[in-house]
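Multiple structures follow.
Below, subunit A partners subunit B and then partners subunit C, in two separate complexes.
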Partner chain A sequence: MIAYTLRRLLQMIPLLFFVSLAIYTLVALQPGDPLEGLIFQNPHLTQEDIAKLKAAYGLDQPIHIRYFKWLGRALQGDLGLSRTYAQPAAQFIYGRMQNTLLLTGLSFLLALAVAIPVGVFSAVRQYSIADYVVTFFSFVGYSTPVFWLGIMLMLLFAVWLPERLGRFEPIFPAGGFVSPGVSPDTVGWWAYLKDRAWYLVLPVFTLSVLSMAGWTRFTRSSMLEVLQQDYIRTARSKGLSERVVIYKHALRNALIPIVTLVGLAIPGLFSGAVITETIFSWPGMGRALFDSLLEKDYNVAMAALVFLAFLTALFNLLADLAYAVVDPRIRYN
Partner chain B sequence: MASNVNAKNVERGESTWQLAWRRFRKHRMAQFSMIVIVILVAASLVAPLLVSLGWIPDPNEQPSGANLKAYYFLPPGSEGHLLGTDELGRDVFSRILFGGRISLLVGFSVAIVSVIIGTVIGALAGFFSGRPFDFYAGPFSKRLREMVAEGSLAAFGLALGLGLLALGLLGSLAVAGQTGAFWIASVLVALGVLALNLFGVFGAHLSRMTWTVLSWGILGGTAWLIWDITRTLALPSIGAGGVNGALSTVGLVAGGAAALALLAWGLIGQLKLDLDIVISRLIDFMLSIPTLPLLLVLSAFLNDSRSPLGRFAQGVFGESASVFIIISILIIFGWITSARLVRGQILSLREQEFSMAAYALGASEPRIMFRHLVPNTLAPIIVDATLAVGTAILVEAALSFLGFGIQPPVPTWGNMLTGAQDFIFYAPHLAIYPGLMILITVLAFNYMGDGLRDALDPRSQL
Partner chain C sequence: MKKIQLLTLGLVAVLGLALAGPRDNSLVIGASQEPRVLGDAWAFVSSAAIASEIESFLWAGLEYIDIDGNDQPYLVTEVPTTENGRVKVTDLGEGKKRIDINYTLRNDIFWSDGTPITSADVKFYYEVGKQPGAPVQDPTYWNRIKLSVKDGKNFTVTFEPAYFYDLVGSAIGIAPAHVMKGEWEKTKAEIAKLDPEKDAAKITELFQGFVSKFSTPSALSKGSMVYSGPFVLKRWVPGSSLEMVRNPKFFITPPGGADKYVQKVTYRFIGDTNALLVAILGGGIDATSSVALTFDQARAPQLVRRAKGRFDIWAVPGVIWEHAEVNKFSNVQEVKDLMLDNPKTRQAILYAMNRQGLVDAFFDGLQPVADTWVHFADPNANPNVAKYPYDPEKAKQLLAELGWKDLDGDGYLERKTDDGRTVKFEIEYVTTAGNRIRERTQVFFQNDLKKVGIKVKINNAPSSVVFSNDFFSKAYDGSWKGLFEFAWLFGIVDDAGVFTCKDYITGETFVPTPENNYSGVNFNWCNEEFDKLRAKAMIEFDAAKRKEYWQRMQEIWAEELPALPYYWRSNPLVVKKGLVNFVSSTYFGSFGYPTTNAWLIGWTENGAQQVFDQAKYGISALEQ
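After this line comes the complex of A and B, so read on.
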């Protein structure tokens, strides 16, 4: 097991090298360079000035040289400066990551808390009306475009319902993450937290619907498969109560594939949700990545993407290891 | 119970597909979904006809004359506009119909091409797992084996180098946007092959190789020409989409993939690598790149006329270039799911008795793979393809919504929603209907996939 883990960790090195090379090439190959806007805004710049600027940013060199320079600095822990935000890229990403983890973490927990009980319930009562309702809604949840769902919720809670109820304030705000002027110092901690939670409701729900629906279906089918096994019949024939059969014998086995699925979803928590963040103007990682790519802020884009690639590889490994822990039949060598 | 079922089927003389159809009919939602899909396809097909009959306005027609503002943001049910008009006074219903054409075009072509590519790659990886890849077929391979035996790697290197040179020429000429370039490049490739023959690279297979290359060149050239004529005649009148669009995309992507596959095939065979390991590493690699940002970068790169590929796409497809760019990008990521699926299936199938029996009867490896093993994976492949249609439609919509997918003025359900968020206070219908269409379409494909899964699974009960 330790040898296997070490080997997988070592394999991550060439993987990350190629991933970072591919990402760098793609980002750098994009048409136009980062100085374009600057040059456009200032007609007084001469060709000489532009050449000087390019040299200062290292843009006059070919892509592979720039990549290895970036790699050399990154290996020493220097991820460079963000050009658009005028602060170290690492610091900027760290700040955005906190916002994002709040949003994605909450929706991850919400999805799990709903999906597993509902999936188990629906499997235990297979072919009942409740099962059909759950199945229908999980299909709908799985087929809804996230961006449309966000806009519809906004329409419902920020436009229609307030209109019907004749109130000026939206029931849940249509975007942002804290009311203007609200901070722990001005209104106290409790009111501050309440305000933040008020802004979180719609984005968290929007973001959780897809994984909620997917995991419900997955839990249901995994449970159904386990419930057909011989050891469940044995457990029932021993006279165990239905509760013990389902929660102790069936659920624990049904959770094995779910562990993998959920483990693989964790890197996504860090990458943020470009679409949800865009709709609800949430200053998170997804948006940061999106903007840095648009504005050709290479250092931010590279730091974020390579960090995410590292997390994906790491959680792939952890999911495999967790699989071996929860299912002793699996051995790696 | 299973034996009873079988006995009944034997009595009736029911084929597998009849049985599957009977099971499918039990799944009411799946049947209903199939009707929905048929209606959607029919509506997309007749949309241009409805415009020429004057029953619905043109999707890109903007009002003209005095008092323009009276035509903007008309609510649903206004005279002549079933679902109202948008911020430029264009008819929303008509745009939704035309958007459906694009969505279905993207969904179907991405699903079909990526499932075919994924199946072939997955089958090869699974079948040759655990040993060096040596899938050689045709005249070229025997000579290659001999060359390996002789140690004349240099000859192979030369062939590869000259081949790449020819490909490069083809690429650079094609970027210039000239149809004639294809002919020049074909001649160059043929000359290259002849030149290599002089070096004796192909040995005794001189005449056969030359003929093969030349006949493929002529076939390809004719196909290109036919397509070029259809494109210039048909594309302006039907906008993006349409049969020629789908065909040419499929052709271009398949051609590119085939060229890459040939190159990889030669290299992997030459280096005696295990194809399964190569493919698994490639999949690991592709899965470790965060998908959405990569999609964004790729489509920004390809949609920009300043990049060579973008210039090429716009030269060939004109206004609707982004449709084909998105289709290609989605295929680049789409094959992974089906490749993994098929690989897993083949890995277990190749150990079963019927495959041993085929070996014992002396069947060749390609025959065992494509006649005995792959048909057994057909059920999950069909289900996967159905679900892939829905996924492709969703991803296209998301990309277009963010402004990186299909570019206006070509209407799609995704890009119709891009501006809609700004107008939800006074024109909510702009946001509601396109999204509703995406939901209905994707839901229909997902239910249909579910019904097919039940119908095609031999373990499912009647």
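After this line comes the complex of A and C, so read on.
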């Protein structure tokens, strides 16, 4: 197992090299360069001025030279300066990552906490009214566009309900992540945390709906498959309680495919959710990555994408290792 | 006791939206963009509009453009003019002039830490911008400018060669030397170790690193900068909000006393404009920034319905000119076949486009139809130029004169070319894919043009594609072959460079061809009289004479129509009732920033006096 893990870790080095090369090439091959907007706005720039500006932003060299220069600095831990934010790309990404992990992590936990018990419940009561209700809401949740749900929730809790209740302040705010002027220094930690939680409710719920619905369906079908196995019948015929049959024998086996699904979803926690972050003005990774690509802020885009590639490779490995923990039949050598 | 205070503060903060506005003499402005840095006086990192708007609260320049588009003194005692002897014009011959502008700083001006503002601050700004390798966005400005300091309050700015716009607004910037000089000396020492030719990118990073020490959210929140404007920055939470409070060292006292006007201003950054609209509906926003809602959102029924007694919604004509460029390179076969290089063809197309119908249908008439590239609010605008009201019969007549006829009875025009081919009038129409207004405009005009027998072939692509060098600049090679709709921004200092073929002062040409490596944005319209008048106007410092030249240029332009003018975009502004002097006009602060006279913004119920009437500078969207 240790040898297998080490081998997989070593394989990640060439993998990340090629991934970073591919990403750099694709980002650099986007139509236009960061200076085109500037040149477009100022038609009087001479060719000499443009050449100087290109040199000033390192755009006067071919892509492969630029890539190896970037790689050389990245290997020394320097991911460059964000052209648009004027701060080190790594520092910028780190700040955004914290916001994203808070949002996506809570959504992930909420989705798991709801999906697994509801999926099990639905499978155990297959074809009951409760099962139909769960199935109905799962499909509704799965097919509701996030941008629509987010805006509707904001309208409901920030405009319609307060208007009908005669309240001036919104029940939940329409976007943002903290009230102006609120920080631990100004209002104390408790009020600060309450304020942050107030802003988290709608985006966390919006983001978790899709996974909640999908994972509920997945848990249900996985459980149904396991519940038809011979060993479940055997367990029941041995006189074990239904609770032990469901939670000890069935659920543990049903969890194997769910572990894969969840393991592969973890890198997504870091990449953020562009639509939810945009609608709720949540300054996370998704928006940062999207903006950096639009604005051709290469250093930020590279730092974010290569980091995500690394996480994807790492969590693939962890998911593989988790199989062995969940399913004793699987052994790596 | 402290706990009770903190709890009270917490409650106040959580219910902050409820208490905002006149109750605590504060103002919350909603914006859909957030600046990346503030106070980057040299624009080494950014020069975004939202940054300029917020900077009006924090820093004062030497002069500013007032609500009527006139220069006003700010940090200086008076606006330099030839009449008051502060501007000296020297004719250098060969169509070149030099100007020397003498400024005197006021005696009662201080940075927010109490340090007097002096010529040393102007000199520091100049020194940094002039440093070899500085990644300045307008190198010609830095090549032409020189500074000589006489004493702590007097200095002279020289431009050679000089242009008329050097006398519009501040001729030079200012930065707090006592705060930034130490860091600059360190940066300069680092730059000195590098080779400007080989290490240009590293030098750029050093400049950006220097600016970032005083301009990023964390640097400003830590108090690393000082301010000369009516407010000082208190806290900036990136992605959320920015708070400013009144600067006690600011030298202008508004009528009735500063305490009658807003004491705290908060910008809330809500990137998604639908979410911003919801926040306005929810009552958490007192006014919108110049970068906020789209025009359609500001007229959304949900907002208009709730506006009565709560909000005013204004449409303020702005400086963004929506138009279609026309490919006039006759070496491109399609251009030659359709005779797009012939002014008559362009006139026919414009007659066939119902522009007034378009702005009435899409914008309730709130975005005015444009006649030329010069805004009607510009003091040099010529109202008597040729106009092209919707007249399909006139369009058909012009097309018939050019030999177009429906030969095959399919409803579209054809003509026989000199080499015996039959060509159909089918014109390509390019714009930025995904821009709903432009796509709707295309369909509207496609329908109009069909009525006169012109077939429109829509060919859109994302803006990154259509504005790339390989597409936008290569009309000569036929990268686009007909009409290309987009917008230019023409400020109060526009120099008609977009339509200049040859610059008679520098000798440069602005028609993008392989010979000049595709530089310039004039898609092959060359009018010698226009170019010569422009060359005269560029160095004419007598406003009345310059107006004469400019008016004749507009006449020529309107006759020849090198491009098809559509309309001037209007900026929507949503303002809560009772908030005064948060107003915008076409040229306020150069580009219509409602924060230009920030010291006057206040609530009438707190005693603020109304100085400006928005109705004079915009149209109420509620009365349409």
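Couple of notes before you dig in:
Simple rule for what comes next: the second predicted complex is superposed on the first by the 321 of 333 C-alpha atoms of A that agree within 3 Å, B and C clash if a C-alpha of one lies under 4 Å from a C-alpha of the other, contacts with A are read in each partner's own complex, and residues count from 1 in each chain.
Heads up, the rule we're going with is that contacts are C-beta pairs under 8 Å (C-beta built on N, C-alpha and C of every residue); 3 or more make two chains touch, one makes a residue touch a chain.
Because the structure is a prediction, the values reported are computed rather than measured.
Following the overlay on subunit A, a clash is recorded for the pair subunit B and subunit C. In the superposition on chain A, A:W282 makes contact with subunit C only, while subunit B stays out of contact range. Applying the stated contact rule after C-alpha superposition, one finds that A:N42 touches subunit C and leaves subunit B untouched. With both structures placed on the common chain, the touch criterion links A:L251 to neither subunit B nor subunit C. In the superposition on chain A, contact is made by A:I151 with both subunit B and subunit C. Among subunit B and subunit C, the chain that touches a larger number of residues in subunit A is C. Contact with neither subunit B nor subunit C is seen for A:L79 once the two complexes are overlaid on the shared chain.
In the superposition on chain A, A:N99 makes contact with subunit C only, while subunit B stays out of contact range. In the superposed model, A:A309 makes contact with subunit B only, not with subunit C.
Of the two partner chains, subunit C is the only one touched by A:D195; subunit B is not. Judged by the touch definition given at the top, the superposed model places A:V159 against both subunit B and subunit C.
One listed stretch of subunit B collides with subunit C once both complexes sit on chain A; from 78-86, 384-392, 420-428 or 438-446, that stretch is 420-428.
When the two complexes are superposed on chain A, the residues of subunit A that touch both subunit B and subunit C are 30-32, 151, 154-155, 159, 278-279. Within the complex, the subunit A residues that touch subunit B are 15-16, 18-19, 22-23, 26-27, 29-32, 136, 139-140, 142-149, 151-152, 154-155, 159, 271, 274-275, 278-279, 286, 289-290, 293-294, 301, 305, 308-309, 312-313, 316. Taken in their complex, subunit A has these residues touching subunit C: 30-32, 36-38, 40-47, 49-50, 52-53, 55-58, 60, 80-81, 83-87, 95, 99, 150-151, 154-155, 158-159, 162, 168-170, 173-183, 186-188, 190-192, 194-195, 198, 278-283, 287. On subunit B, the positions that touch subunit A within their shared complex are 29, 281, 284-285, 287-290, 292-294, 296-298, 300-301, 304, 306-307, 310, 390, 394, 397-398, 401-402, 414, 417, 420-421, 424-425, 428, 431-432, 434-436, 438-439, 442-443, 446-447, 450. Interface of subunit C with subunit A (complex): residues 3, 6-7, 9-11, 13-18, 28, 36-37, 40, 44-46, 133, 135, 137-140, 197, 200-201, 203-205, 208-209, 211-212, 215-216, 235, 237-241, 243, 266, 268-272, 274-276, 278-279, 281-284, 462, 464-465, 467-472, 489, 497-498, 508, 510, 516-517, 519-521.
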